[in-house]
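Next come two complexes built around chain A: one with chain B, the other with chain C.
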Partner chain A sequence: MYDMNRVETDVTQDDIKIAARDVQVWYGEKHAIKDVNVDILDKTVTAFIGPSGCGKSTFLRCINRMNDTIPSAKIEGRITLDGDDIYDRRIDPVQLRARVGMVFQKPNPFPKSIFDNVAYGPRIHGLARNRAELDEIVEKALRGAALWNEVKDRLAEPGTGLSGGQQQRLCIARAVATAPEVLLMDEPCSALDPIATGQVEELIDQLRSEFSVVIVTHSMQQAARVSQKTAFFHLGNLVEYGDTDDIFTKPQDSRTEAYISGRIG
Partner chain B sequence: MTDNTTNAAVTHRHDWSSDRFQGNLARRRRGEKILAGLGLGAIALAFLMLAILLWTLISGGAQAFRQTHVAIEVPISAELVDPADPSEGNYRNVVRDAMQATFPDAEPSELRALSGILSNAAQFVIRDKVVADPSLIGQTVSINVPASDPYDQLQKGNVDTDSDESTRRLNDAEIAAFQQLQDQGRITMPVNWALLANADSRFPELAGLKGAIIGSAYALLVCFLISFPLGIGAAIYLEEFAPKNRLSDIIEVNINNLAAVPSVVFGLLALAVFLGWFGMPRSAPLVGGLTLALMTLPTIIIATRNALKAVPPSIREAALGVGASRQQVVFGHVLPLAMPGILTGTIIGLAQALGETAPLLLIGMNAFVTAAPSTPLDAATALPTQIFIWADSPERGFVSRTSAAILVLLGFLVMMNAVAIFLRNRFERNW
Partner chain C sequence: MTGIAFAMLLTAALAGYMLNRRAALALRDGGQRLHSLGMFHGLYAALAVLVPAVIVTLLWVALQTPVINALVMAGLPAGSLDGADAGARQLVQAEIQSIAGGRVFGTPEAWKLEAAERLNALHATSGWLLLLAVAAVIAGALLVTRRSVAAQFRARQAVERIIMGLLIACSVVAIFVTVGIVLSLVFESIRFFQMVPITEFLFGTSWEPQIPIRADQIAAEGAFGWIPVLLGTLVITFVAIFIAVPVGLMSAIYLNEFASPRFRAIAKPVLEILAGIPTVVYGFFAILTVAPAIRAWGAALGIPVAPNTALAAGGVMAIMLIPFISSFADDALSAVPRSLRDGSMALGATRSETVLKVLFPAAIPGIVGGVLLAISRAIGETMIVVMAAGLIAKMTINPLDSVTTVTVQIVTLLIGDTAFDSPKTLAAFALGLMLFIVTLMINIVALRVVRKYRELYD
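After this line comes the complex of A and B, so read on.
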């Protein structure tokens, strides 16, 4: 019985959610991402680490096509979500972003009520048929972001009135409200204090059961704490990708070793 | 020796209390004081100028807010006014009879001059009263009518009675007659509501701003209805949707240039296009509003673009990140957050338009119009052009009325700016 379960988890863990092949990104003349090949697994936390300007955030933003909004950005190569090319002309970036949610560096709730913040995605995508369904979605999302107990009595109050850590969890609730398959997090804890960071990290670990989570982080300790897979970026190249434990204990590449031991960064 | 000095320089501590450093410090302090003093002086000068402007306007215009009235008893005889058709009566002679009753000693030849004490409108005031109530025919009615302008000026102390008789409009006999009325307690100076309730007139005592205020209101309404949606639409396109390339740079530069084009040029454009090609009516507030809209558009576009730019990018990213389309981002998040800034800019643009004179002169809104417009297509004046007309009029009474009209215009401008400040404070957000 135990073995069977074990086998099942292994199989789901090996599901490739996102596959990137020969991805190149240019910002105008700048070659920001060079030949990145990576397979991101379902129900796994994958951490992107690397020094500032190494392209980890840029690559993250390719996965939900947020780079489309930057006129000078040019993307080549192939990124697939469940085998479908997300840069295919038939894919609408608006719908893609409902499937690939994103949480940003600085908590950015809308200047609206807590309820409206979470309900925004379901509303624009028409996910709820009536008010009761919407209430249900909002509650589920807030529970999923471990925020429900703190805000259930003041859903009508503005989201901007919450503390920084609560705001970031509200943004996570907003992202998971559209029931995405992948959750992208761009340094989600860099604007938070250690206690709020701890809460968000705990939350990330819970989110893994439902989503494929990709997190960009500056903190190697954070990568080690929350992720199962780690990718090290340097100067636009994906230098090394593997199990987090392996990356931190026996890195294959000298640049990875230099970075995790603090010699470059 | 050389080595010694080098070593000394390395370990040297500056003597901050030395004359050299103290002098340096004093010089910097002095420079700062001079700068602060100059700034304060500039502001004081600006306030002084403003005070002088307001003082001139108020001291000159205050008189216009009161109007000398004469109380007379008017006998309305059936001989002069036919009860069957009261509107066609000989009211000129009714007024003459009233003056005869007021001055029993006057010769009939003097009555014409005495009637001149009353405003030319006296006969129409009486006529309107009789038409409204024909039963007054055969009775004597007490009526308060405006005095004509020379006597109004006399009452307000603007006539030097000691000067040579030939240099003033009223001779000694006329002044004596007015003095007689005053002794009888017939002269009063009530608040001059006619200034707001009447349209323009050749006679200062009857002239009012109603036509100009309504004309300006119609013109501003047309201006707002056209420039507000067009301006916001253009700004949203340029800021949120237009590709950033050479063409959009050229458009941007030209919108900024357009904001700096002298208003009289817009007047010429309107004259050629609206009146010339489209054959729109001359002097109409509709055309005035269209012309002002041309001028206000760049102001609104620039204000809207700045307000849109001020919305933090994190809000756009947040909305895009959950899968909002660009249109949903703009109309659901960016535009509502930018609205206070847009409204402030719009009101300031409209306030500029309200005070604009030159383009309205070119499309004929400086016509002499004695009826307030009932639609935007009727001929009308606007407040600034009315000021222009009155400032040009020779009658003494128009001098103070010009100042009064400027005060009314300034009152509207202050109100609009107050609304803009209120909106800005009310909806200002902290991120």
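After this line comes the complex of A and C, so read on.
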């Protein structure tokens, strides 16, 4: 009852985008996420850090119900987006995913042209009434992903022909083009070289003005650079959540301190 | 004799293995460091015995008959073959052989009986000689390999070289057999084209391969234009592909993307059983079930339908091709990386949108390769059309009419009394050659498409 009340009070605050209460996830017998409670703010970059296998990616995939595609996954608890329970029977996961975009660890452009890659989401959701509007959406998304100047002369070429960093920015543009409210990023820089990583990080900072961004990362430096809020996961538990500066300078929990000083993980 | 030779061979190989292995182990026990394991010394001896001896035996068996025949024919008394042409010589030879085999018809001339006796004697001698030759080879090999046993001897490398040689020989066999098949087709076709102009065969629109047997017989002159036959093959192939491709693809999409694991566990093996049914059985199905059903529907609708419709043959062929196309498409869809599926789903696409707009385009090169292979199977398919298609070549593209196919014509041309010097029989080889060329070209295109597809995701 206490938790339910807290949800009520939380959603009355404008800046909470996503609220999770007592979220549990099982993969078959394995209890992957235990009692996670977190409030993710709008127009903020929130970083999930933690050692491998701590459940941060699993929790990220709960937010847009991508775990639904894994038959053995079972989810309990309550996650709300703007106060609506996303696991409610009336919510269509397909529409939810249009509101909560996702960028994956490995760049995964479709084997189509650059233009068609970005236009994929707007087309399936009917966001453009005609070709001119579609062109506009694609250009805006590519500019938003800081890729427009590099590809504007070769929109008809296949997206798979771009470099790794360009491919990842193309995937970000593809997610942005669908006009989501939240952008989930699952280790978006782990397959990129340092220069491309820098470009993507800069991009994440710009995206903050329009979306709530949640990023899973292995790199604590990256979390410190791009995020305002940080959540530390350990063995399926959310150990500590707070302002990034506080987490890295004066952690409350001994496990957090051990992790950021390199003693665990 | 050959049996004894082979028994001797195996015993010798085993003995060589034991002897050399023991010799090598003795060296090792004597304190020397062997380069190769004792087993390799043994294997080297066994292979050195087996390989040359088997080659000698096979060559001997292959060559002894022509050599002995030539000796017998050359040894006939002077004048007995005077004035005989090649055909008559062959007849005499066959008669001598049958006498030697104990089948005597009538009362043959004395010189033939004599020749038959000489033939039998030569055979017996040849057997003994073979045994001697094999024994010599075995003894030589055993001696040479026994002497080679030494600590420094690289028996492992030697064995590996011999094995590699055997592997090369096996793969070369397939190539030589293919070349042989093509050459036999080409030579017979050339004989055919000496009797019937190649232009008439390639561009003629009438196929009536009847040839008058006697000069005074009233029969068709015989026409060898393959266009109507080719047209029949194309009509049936088109019907088969037109049905099999959509059904196969849709079943693959359903099984791969939507079916529950339980349904998939049942449906996949059933499809594979469909692929294992002998084509003769499909033929029964076509004649007994499909063709009468199509006729009944035709009668109900007032459309004239021939008894052996292209639709029935093509439809049943389609059933044969469905599992083929389905499994090819299933493989191609499964090969699309999971990340593309996730990427599409994460953008808010439904499963069907994901299949149609991402997975299917990504899998299309593999699917096209499978369809092309299915087409070449349909063109070459014989049993179903022999049973279910017609025999008369017609210039028609109506699938409700009776048509014939290249394969059916080859079968009918070669059934019954055949003479290998008449264009009627030789036409079968020309048809076979054309069929070979057409399917070869389709296969080349298909393999190229499949290879290009493989490079895409690795």
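Basically, the second predicted complex is superposed on the first by the 251 of 265 C-alpha atoms of A that agree within 3 Å, B and C clash if a C-alpha of one lies under 4 Å from a C-alpha of the other, contacts with A are read in each partner's own complex, and residues count from 1 in each chain.
Heads up, the rule we're going with is that contacts are C-beta pairs under 8 Å (C-beta built on N, C-alpha and C of every residue); 3 or more make two chains touch, one makes a residue touch a chain.
Nothing here was measured: the structure is a model prediction, and the numbers come from that model.
Per the definitions stated earlier, placing chain B and chain C onto a shared chain A by superposition produces a clash between them. In the superposition on chain A, A:Lys229 makes contact with neither chain B nor chain C.
When the shared chain is aligned, no partner comes close enough to touch A:Lys17: not chain B, not chain C. Contacts of A:Cys171 after superposition: both chain B and chain C are touched.
In the overlay built on the shared chain, the residue A:Met66 is in contact with chain B and with chain C. Applying the stated contact rule after C-alpha superposition, one finds that A:Tyr120 touches each of chain B and chain C.
Put simply, of the chain B stretches 3-11, 165-173 or 237-245, the part that bumps into chain C is 237-245.
The contact surfaces that chain B and chain C form on chain A in the two complexes overlap at residues 64, 66, 69, 71, 94-98, 101-102, 104, 106, 108-111, 120-121, 124-125, 171, 174-175, 178. Here chain B touches chain A in the complex through residues 243-244, 312, 314-325, 328, 332-333, 337, 429, 431, going by the rule given at the top.
Residues 64, 66, 69, 71, 94-99, 101-102, 104, 106, 108-112, 120-121, 124-125, 171, 174-175, 178 of chain A touch chain C in their complex.
Residues 64, 66, 69, 71, 94-98, 101-104, 106, 108-111, 120-121, 124-125, 160, 171, 174-175, 177-178 of chain A are the ones touching chain B in the complex.
Listed in rising order, the residues of chain C touching chain A in the complex are 261, 337, 339-350, 353, 357-358, 361-362, 456.
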